[in-house]
Amino acid sequence: MFLRLMRPVLCSWKAGGSRWRLACLRGSKTVPAMEKKLLLVDVDAGVDDAAALMIALAAPNVEILGITCCFGNTEVENVCKNVLRVLKKCHHLQIPVYQGASSPLLNTMKNDYFYGTDGLGDVPDAEAPGLDRVQHEHAVAAMIRIISERPNQVTLVATGPLTNLALAVKMDPKFPKKIKNMSIMGGNMYSRGNIDICAEFNFAADPEAAYIVLNEYTCPTFITTWEFACLHAVPWEFYEKCTSQDSEKARFLKEIYAVTTEIQKRPIPKLRALYRKPGFVSCDSIAMAIAVDQNVVTESIFCPVSVELTGSHTRGMLVLDMDDALKKENKVSIAKELDMEKFKSLLLGALK
Amino acid sequence: MFLRLMRPVLCSWKAGGSRWRLACLRGSKTVPAMEKKLLLVDVDAGVDDAAALMIALAAPNVEILGITCCFGNTEVENVCKNVLRVLKKCHHLQIPVYQGASSPLLNTMKNDYFYGTDGLGDVPDAEAPGLDRVQHEHAVAAMIRIISERPNQVTLVATGPLTNLALAVKMDPKFPKKIKNMSIMGGNMYSRGNIDICAEFNFAADPEAAYIVLNEYTCPTFITTWEFACLHAVPWEFYEKCTSQDSEKARFLKEIYAVTTEIQKRPIPKLRALYRKPGFVSCDSIAMAIAVDQNVVTESIFCPVSVELTGSHTRGMLVLDMDDALKKENKVSIAKELDMEKFKSLLLGALK
Amino acid sequence: MFLRLMRPVLCSWKAGGSRWRLACLRGSKTVPAMEKKLLLVDVDAGVDDAAALMIALAAPNVEILGITCCFGNTEVENVCKNVLRVLKKCHHLQIPVYQGASSPLLNTMKNDYFYGTDGLGDVPDAEAPGLDRVQHEHAVAAMIRIISERPNQVTLVATGPLTNLALAVKMDPKFPKKIKNMSIMGGNMYSRGNIDICAEFNFAADPEAAYIVLNEYTCPTFITTWEFACLHAVPWEFYEKCTSQDSEKARFLKEIYAVTTEIQKRPIPKLRALYRKPGFVSCDSIAMAIAVDQNVVTESIFCPVSVELTGSHTRGMLVLDMDDALKKENKVSIAKELDMEKFKSLLLGALK
Amino acid sequence: MFLRLMRPVLCSWKAGGSRWRLACLRGSKTVPAMEKKLLLVDVDAGVDDAAALMIALAAPNVEILGITCCFGNTEVENVCKNVLRVLKKCHHLQIPVYQGASSPLLNTMKNDYFYGTDGLGDVPDAEAPGLDRVQHEHAVAAMIRIISERPNQVTLVATGPLTNLALAVKMDPKFPKKIKNMSIMGGNMYSRGNIDICAEFNFAADPEAAYIVLNEYTCPTFITTWEFACLHAVPWEFYEKCTSQDSEKARFLKEIYAVTTEIQKRPIPKLRALYRKPGFVSCDSIAMAIAVDQNVVTESIFCPVSVELTGSHTRGMLVLDMDDALKKENKVSIAKELDMEKFKSLLLGALK
């Protein structure tokens, strides 16, 4: 019964034989495929996501099967362009890029232009690839297809609002069971927010999506929260070392991060200093590092979670159900301690 | 730009060339296609939806392009089976049936078993068609495809929770602009509820979906509310006349409605009598009648609306913004007066 | 135990022996006290409350024991002044006036300056009594004392936000059991609002207070809703007849109502006309008329109610629990039909 | 104007001349009154409050002007009895005790019987004082009176739900300006809860009261949160030292704390250990210690705060507005570091 109904449903998501074959070929080129970490990455790039992508692209044991795009740091069209630009710089334009959600489920859009209006530091590149390089398949359809083609083999990394992931599970409720594991950047663990008093941007941008994903994605899940990232800033000295390497990638990152770096280097307000170490903060890079090498996190809080939807001050807040009040079966791992040396080495390697 | 990006996206929703050709052929058989009312119907059948479908199937000037199924009166698999059973009884099994959402967006499911556990009066038919007759394409994909193939020609009728419609606009935000118009059964106009104190079942079953649809579907929209349906019950005498006709359809409807009829004939509680006329109430049939012949409604309230999401008692309530406080551009028509003779004649004709 | 604890608590509310004696004397002057309707009136005057007070002051069988003031149509100090001005015009300055709440419980003040910035039509009177005529006792203390002195004999009339009443029951939970009955102007019955989309001003001004009162005041309760008042407007012709009487009171009311009358005479917007009859609307006067002569209402909805606190569009909405979903013991009477001739005669008499 | 209106209002709260004189005499006995710390304490005793009271009663430089009681750890009548019992044990029965709120503002009572059904460890004392020793004056009236008699001289300590304090400011909005400063036990700083997922008991018991107090009490305010108390548990060894002193008070505390001690000594669940040090936790004692000697706290977070009212998981959560999003003028001090030696010495002294 399950097969009869559900396989056909999945078939309808495939965009046609030729694209599928392409995917298979690409798979077969990387020998032996099974030994590589297979990633599917959902981003709202954003310079933060750019850095994260560069970590994965440089990791020798990792293959990115596709990159799905979501609104967030900028409009979804810009996100697509930004991803293509990163891929070109890293000589990986063969990785398929898919356009997804342009607005949150309940349509009270909050783009965060923290990284410039184009999301990539406002340093345009006349030779950047155009949107014609974006795949025709919808990001949500691609997400379901790619993961269904390799059940329990793919790690899903999500570094933007979770709208695409939420739509995927609503379109195909069986889909999360086929994910090997998942690394999310989003939410908070001590109720400190960045976009709202008690809410982090990715979750606040689409609280319902975050709620859906944390309720219905039962695969092993790792969460990199806002405070965790702030508490694990990379010393500026090391950041300079990374970005002053003599490589195209180092120059590119330094350039797109210029404005952000300047902002991050400003004196940290006294209260924010309670949970913000001085240094370079790239939240998405930590989430990606976890996907690339789980051991980068040395201690986690493993507990059920939810997302507050109706609070006046707390809408979008990640809720840690430490005393098991919600009686949920599913638990997630919230990163608590980072192996900073491992993380720094991934960062350094990414820009070589 | 729009074409470059959006056409390909739509292409990915088509299930393949052969299915598309089939649709074209079916279209060409009905000469001349342009003169027929083209309907796409989203149901949670339910005997109420069954009666509604029978009205459309019997209407001489109407062609149903497809029926998409949503959870609601029963599980979505049962809804598919029930629709197929109705189609078989009406000799219209050629109409494609699609399976859609099995749960509301935020996954706090409320199936309403008012019409029996199978949603169709619990009078099983050993010769009913099986789920293998359900199309492989996902209901949401089909909805987008069918309407995109005939821009501004198709009337969308929705008689269940609005989950499929909500997913469709989140997957393709341009989709609602291609709908000719829409008739929805759902919500309330005076804050009377049936499933919650202030909320009607279809909206309460997925308030976020109702919110999304009423915010993002900018096509002309007609709403049949719970109180409107209750105020326009068909006299029992006339219901007997309809269902005692010597036809397979009349016998079928009488049979599946038997339990419901018994319940509806019970004395109406004093307070509910304030907005409930004695007689046969089929909310979905009125919404369908409006799609078949808009003139069945003789007076409407034309105003902006929203759906309450956060109330303790009012979650899912339809909100009529009569004083234009929300400054919304879009307005909907909320049925206020019914041409009862026209409606009765549609009902009688449906069972001939 | 009850006496031991509670009598002393009440004693502490009295402002001293002399004031109590005064109240007793005043009571004994009106022979026989028992045959008079005893009213305690809580107002946010407001011209609407002024008209209501004039009805009670003119009613031969009614004695007003005190008037407690609440913010609402204007600041509470203005409300006190306005009440004193009305009392002076009606030669009833002996009735004690008490100052109460200056803000709603949760302090998101909404004064409604619909009746002018002074709440009384902005036609100042140089000879109006000053605030020195206001009693020293707090309105809430007075309310508890006055009603406790005459258990089950006093009708409480409330025509403003219910903040004073809410505070009274929180200060003395046994207090509502001593009220004979209560007539409230506030809330809505079909979800039509005046200050918010779905909320009437008095309830929206302090939703928590309305919630507390409707939950904890278990005395017989009559509610005059916004729509009920709108549906029972007095024809302008009759209003002219009332206010053109050759009396000080008629001239006074006409004067303070001048601006309001002008506004009310404007063409009624099409959608509001659905529940607004043309004519003079004085919501508070109807609530007062019910207190003076219960028979002025000929049909009521008798059901449990609550107040929505958390809705985005419905905060402050009166919720009618017609299907008894809340399983509340207490029910209230929501006015549905008015004996217009009786009401008109009270209005005419008030201005003689 | 202020004086004319407000002084009389205050007068009405006084219970009469004799009681006021008594207070003055009591004041004059303690020479020189001005050099003593004057405390007014609002409790929901509770063994936790009992320990706190004993700290204040033993402090040489402190005078308690009155103790007002609120529901919380048990019914308000029990709270009164428990306070009297503590006062008798400490030979301070002359301190007046007042009965206040028996339920939260919105009347969804949550008594926490963590400390036994009687709130005092269920070790009844046949010779405990009776409720006849409770003052006749209402706690809220007494609170306003006592503080108004000594403007800017009295420290208010609140170790239970904040219902009495909320009522006081709604009855007399000028009252908080006369408070010297205030120490509250309640709320949380990292969103960890004890009674709800994200809410601490005192705030969750009456979130609206906490909201009102934190918005309208503009006096200098110190908050002892749940996590702060848990992070500053007193080692068991030291607790034994305190309670094994050869004194009536030590034996009394040991006895009423027996059950609680047993519970607190159980192994701490792994996740709670993230913010809970092993040892004796008395939240209220820390709040009292701050009132007795402000220097017991060596580091605070000084920022605007609010209380979440509408969250599904976060209702009652203390919200720290670290980035000044709410643009509130008022800020509070949230304890962050404790001088443990000072606190231990206060605790030891309390039981001598």
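Letters A, B, C and D mark the chains as written, and numbering starts fresh at 1 in each.
The definition used in the following text is that contacts are C-beta pairs under 8 Å (C-beta built on N, C-alpha and C of every residue); 3 or more make two chains touch, one makes a residue touch a chain.
Composition by chain, UniProt nomenclature: A, B, C, D = Inosine-uridine preferring nucleoside hydrolase-like.
Predicted model, so just to flag it, every value in this text is computed and none were measured.
Trainee: From chain D, which chain is the farthest off, judged by mean CA positions?
Mentor: Measuring from the centre of chain D, the most distant chain centre belongs to B.
Trainee: So what's the Cα centroid distance for chain C and chain D, whole Å?
Mentor: Roughly 38 Å separates the two chain centres.
Trainee: Centroid from C-alpha atoms only, then distance chain B to chain D, rounded to Å. What do you get?
Mentor: Result: the chain centres lie 58 Å from each other.
Trainee: Can you check how far apart chain B and chain C are, centre to centre, with Cα atoms defining each centre and the answer in Å?
Mentor: Centres of chain B and chain C (C-alpha means) sit 46 Å apart.
Trainee: At least two partner chains per residue is the criterion; list those residues in chain C.
Mentor: Each of 309-310 in chain C touches at least two other chains.
Trainee: Thinking of each chain as a vertex joined to the chains it touches, would you call that graph a line, ring, star, complete, or other?
Mentor: ring
Trainee: Residues of chain D touching chain C in their complex?
Mentor: So the residues of chain D in touch with chain C come to 1, 4-5, 8-9, 11-13, 15-16, 77, 99, 101-103, 105-107, 131-132, 134-138, 140-141, 163, 167, 170-173, 208, 211-212, 215-216, 309-310.
Trainee: Okay, in this complex, where on chain D does chain A touch?
Mentor: Listed in rising order, the residues of chain D that touch chain A are 190-193, 196-198, 269, 271-272, 274, 301, 303, 306, 308-315, 317, 319-323, 325-326.
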